[in-house]
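Per-chain numbering from 1; labels A, B, C and D assigned in written order.
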C-alpha cells in the first residue's frame, strides 16, 4: 500500500539523487538509473507501506549481505569462534583498506562489515562447496524476507568476479596468515552473496526479522535473539562504511548499506525498512536514501538514542 | 539505598578487579586502591540505589569530561560549527593517536572522544580565560549532577598537567593548522576538566539527565534534547576507547569511561548509572566496571539494541 | 684460488652464522645448512679468489634478481618509462609492505627493490610469454656472470610459487590500478627469476660487470654505463631491505641481498664480490655474510664514502 | 675566482629558479629573492671557484645544520650511544612526519636527518645550557668553514622559534618517552643551529673538510675520519629529504639541503661544494640548485657510483 508520508518524503528527496553518483567500478551496477528512489516499510502487524519506486525496482545486496553471512556464521559456529577471527571495533578507514591489517601481527580484520572481515566471515559459512554454502545463505535470506523467489543474479556475479582485484588482494593477504583457507572458493561465495537480488519489500522484511529479535514476519524464530541483537549493534557502529558515526547521530537507526544503493534498516521492536536509490555519496552510501531515512526517523521518532 | 541485586553483582565482580591495573602514568591516580568497586543508579522518580563502595568513594572524571565539554561546546556554538572542526566517526586507533591526523590535509580529529578531538572541543568552550571557562564547565556538571559541591581536584590537575607531554604534542600539532588557538590555555582547561571530582551518585544523575533527553533529576531542561541525544550516540560509537564496538555488543548502553576507573552510563528514557573501579583493562576501561555493567544490562534488559 | 685473508675472515665470521636463522617460509630454502659461509671476489684482471664454502655451494638469487630485472627493464624501455611506474626513494618499511601503496592515489611502488616495485619491473621485461621473458633474464644473468650454465631451479620455483600469497596479494593490489597487466604471468616471471641458481663466483662476476660500468669480465659492454651506475645507486640506498642505511654506514659498498642468504656486492671500478651464508638476521639479510663483508671493506678500504 | 664552467652552468640553470617557490612558512625566509643562484667549490689545494651570486649572498643553514650537530654528538658520545637513540635508515616519509614514531614502541626516530632524529641529536650535544651548546656547534662550523666570523642570525631564530609548532609537537612526543629531556632547551638549540648564517664558500669549505675525511682546508684533523665518512653516508641515503633516492641516482654526490635554499655537497677525496638558490621544489630542495649540481656532476664526473 502506498503511504502518503513515504510518497511525500520520496518527492522531497528525489532531487538529492542528483548529488550522487552510481557506482561505476562494477559494470553491471553502472547501468542503473540514478534517479530511482524507493522505500518500503513493514511493521510487526505485517502491514507493508511503499513510497516511490519501491514496487518496481530490484537490486543486489552487495555489502548488505555482510549482515546475512554474519548471522549465518554466528549460527554455524557461535560468537567465540567467529570473534576469535574477526574483531568488533569500528574503524575510521575505508571498507577496502589493508593497512591496519599490516600493522597487526597476526592480522585480524577489525570488524565483519569491512571487506577483509566479511570475507573471513564468508569463509566460515558451513557447506560442502560453493553451491551448498551459497544455497544456505540464500535459504536464510529467503526465510528472513519470507520470499522463496530470491536468487543470485549471475550476470552481476560474473561482472564483479572478473574485476574483484582488490578483494582478491585482501583475501591472499589473509591467506598468508591462514585466516582464509581457500581463497577462490571464498571469493566465489562472497561475490555471489553480494549478487543476491532483492526488492525494497524484501529488505524491509529482513529488517523486521532483526527488529523482532530474530522472528520473521510469519512469527517463526529463525535467528537466535542474541544474534539478532548483535548484528544490529554492528549495523550502528559500522554499517554505513566510514560514515557510520555521522549516520548514527543524524538518523539513529541500525542500518547497512550496499554500493548498489540499497539500505537495510531495522528499528528495534518497531519496524523494518528497505530503501533503494543507486546514486551514491563519496563514502559509498545511497545519497538520497540516507537523507530519506533521516527525514523518516525525525518524522516518526525512530532514533534509538 | 542499598539494592540487593547491585550488591550481589558487586560481590560477583569484585574478583575481576584483580585482572586489571590502576593507571600508573598519572601519579595522583596510581595511588588508588585497585580493589574498589561501586555502582549507583538513579531512575526518573529520583530513587538512588547503591552497590559496593559507591557511597564512600570519589574520583576524577578524566575522559568522562569529554561528554560534558562536548555538550557545552554544542550549546555555545551549535552543531555546524563544532562539527566543522571535529568529525563524527569512530576510529580503531588509540585515544592518543596522531597518525590519522597526519594522513589528512588539513587534519581534523575524527571524533570528540579521542584526545585530539576533545582538546579542540575544549578550546571551543566559551569564556574569558581559563577560570571562567572551567567555571562554566563546572556549572554544567553541577547542574547535571544536581550537586553544587562538585569541584576540580587541584592536586590531580597539577600532577597531570606536569606530565601532559603527549597531549601537549597533539595540541601543538593542531596549533600548526590553527585548529587550536592558545595551546597552553586549552591544556589548562582540558586537564582541569579531567580533574573534576565526582561520586558514583553524581555520575548516575549526570547519566539520568542525558537519559531524560536533557532534563535534570529536578525536571529542569538544562540541555537541549537534540544535544542530549547526540552525545549518547557518541557514547555508543566511541565512548569506551577502542573497545567501544565490543562494549556496544556486550552491554548495549551508551557509556563513557575514564582512566580514573569511572564509567558514566545512560539508558535512554530509563536510568542513569555511575560506576567506579580503578583497575583498568588494556584498553583503559575499568575491568570490573565493564563486567558489572554487562551483568546489570542482562539482568534488567537495558540494551538499546 | 683460495685467498688467505678471505679464509681468515670466513673463519672469523663462521660463528656468526649461529646468530641467524634460515628462511623457513619457503620450504626449498629451509633445508639449507645454516653453518655455510662462502665468499668469492673477482677483480678487473679476472682473478677469482675464494674463501670458505664458495667453490662448493650454489643457491638461488631471490631478491638479488631484482637488480637483474631492473637492468633489463631499463634496457627495454629507458629510464623515463620505468620510473613513471616505480619510484626511486628508499623506504623505512619492510620489503613486502602494502600500506604506503594504500596511502597514495594512484599507488606507485616507492622503489624497484621492494616486492611491489620489483613485480612492476618484472612485468615490464619484454618477451612473448613467461618462457621468453624468463629466457631473456637468464641470458642477461649468464652474460653478466660469463656462465652459460646458469638455470632456473624448478623445484625452488614450484615451492615458492605455491606459497606466494603475499606477493599475489601485492600483485592484485597493483592490478586494480592497472599497474600490472597479467598478474599470474608476472608472478610466474618474478618467482622464476628469484629461483635462478648461481654460485658465489657467478655473483662476483655479476658484481664486477656492474663495477666495470657495464663491461663483463670478458670486456664486452653488455649493459649501458648509465644503467650500471644507476642500479648501484639503488643497491646503496635500498639494496639491503630496511637495513640499507646501516649497511651503507658500516660497509659502504653497493650490495643486494636475497633471502636465500646470497649477497651481490659491487665496488665501483675495483671488484665484484659474491657471498653466501643462509642464516639470516631479522631484516632478512645474511647474518655472517654482512659481517664478513664489513670486515673485508675495512681490511681493503672498499667503502665508497 | 670566478670559474667559466660554473658561470656557464649558473646561466643555464638560472631559469629553473622560476619553477620553484621560496619557503613561506618562516617569515624571515619568505623575503628572499627567488631568482638568486650561486655556487662555490673548493679543492684540496684550497682553490676556491665561484659562479653566479656566490660571492654576495649569505643564508641560514636550516636542515644543513643536522650534519654539523650529528658530527658533534658523535664526537661527544660515540656511535654506540648516538645510534641507540636514533636510527640509520632512510624513510620514504616527509621530514616532519610523526606516524612511524607512533608505530614503534618505544619510538626511535629512523635517522638523524628527519626533524625528530635531529632534535634527539641536538639534545645530545654537550654543554651547560643553550648558549654553551650553541657555542660549541658554532665553533665546529667555524673550524670546518675556516671562518671565525660565522654567527647565528637572531632575527631568523626568533621568527622560526615563534612558529615552531610542529617541531614542538614532535619534541613533546619524544619527551613522553624520555628521548628528549628538556624540550624547550632542545628547541632553543635546534632552532638556533638552523639559524647559523653562512655563505656558499663557507659551505664549500665545510664540504671539503668532510671530503678530506675530517681534515679542514688548513690540514687540521678536526673531525675523526670515521665520523666524516659516516655523515657522508647519511647525506647520500637521506640528505635530500624524501627525494634522496632520486638525487643519488641523478647526481651521485653526498649532499644535504636546507629550506633556506642552501646545499652542502662533499665529493669524497676531491671537492667541497656550496650552493644557494632559495626557490624550492615540492620536496623542499633548492630547485635550480639540484639541477646545477646534476649538471656539474656530469661535467666533472663527480658521481661516487
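In this section, a residue touches a chain if its C-beta (ideal position, glycine included) is under 8 Å from a C-beta of that chain, and two chains touch if they have at least 3 such contacts.
In UniProt terms the chains read A, B, C, D = Glutaminase.
Quick caveat: nothing in here was measured; it's all calculated off a predicted structure.
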Interface numbering overlap (same over half, different under half) for subunit A and subunit B: same
Angle (degrees, nearest 5) of the CA superposition of subunit A onto subunit C: 180
Per Cα centroids, the chain farthest from subunit B: C
Geometric centre distance via CA averages, subunit C-subunit A, whole Å: 47
Computed distance of Cα centres, subunit D from subunit A, in Å: 55
Where subunit A and subunit B are represented by their mean Cα positions, the distance between them in whole Å: 32
Set of subunit A residues in contact with two or more other chains: 103
Pairs of chains found to touch, sorted by chain label: A-B, A-C, B-D, C-D
Residue numbers on subunit B that touch subunit A, as the complex places them: 87-93, 100, 110-111, 229-230, 232-234, 236-238, 242-246, 248-249, 252, 254, 268, 303-305
List of subunit B residues in touch with subunit D within their complex: 97-99, 102-103, 165-166, 168-173, 175-176, 183
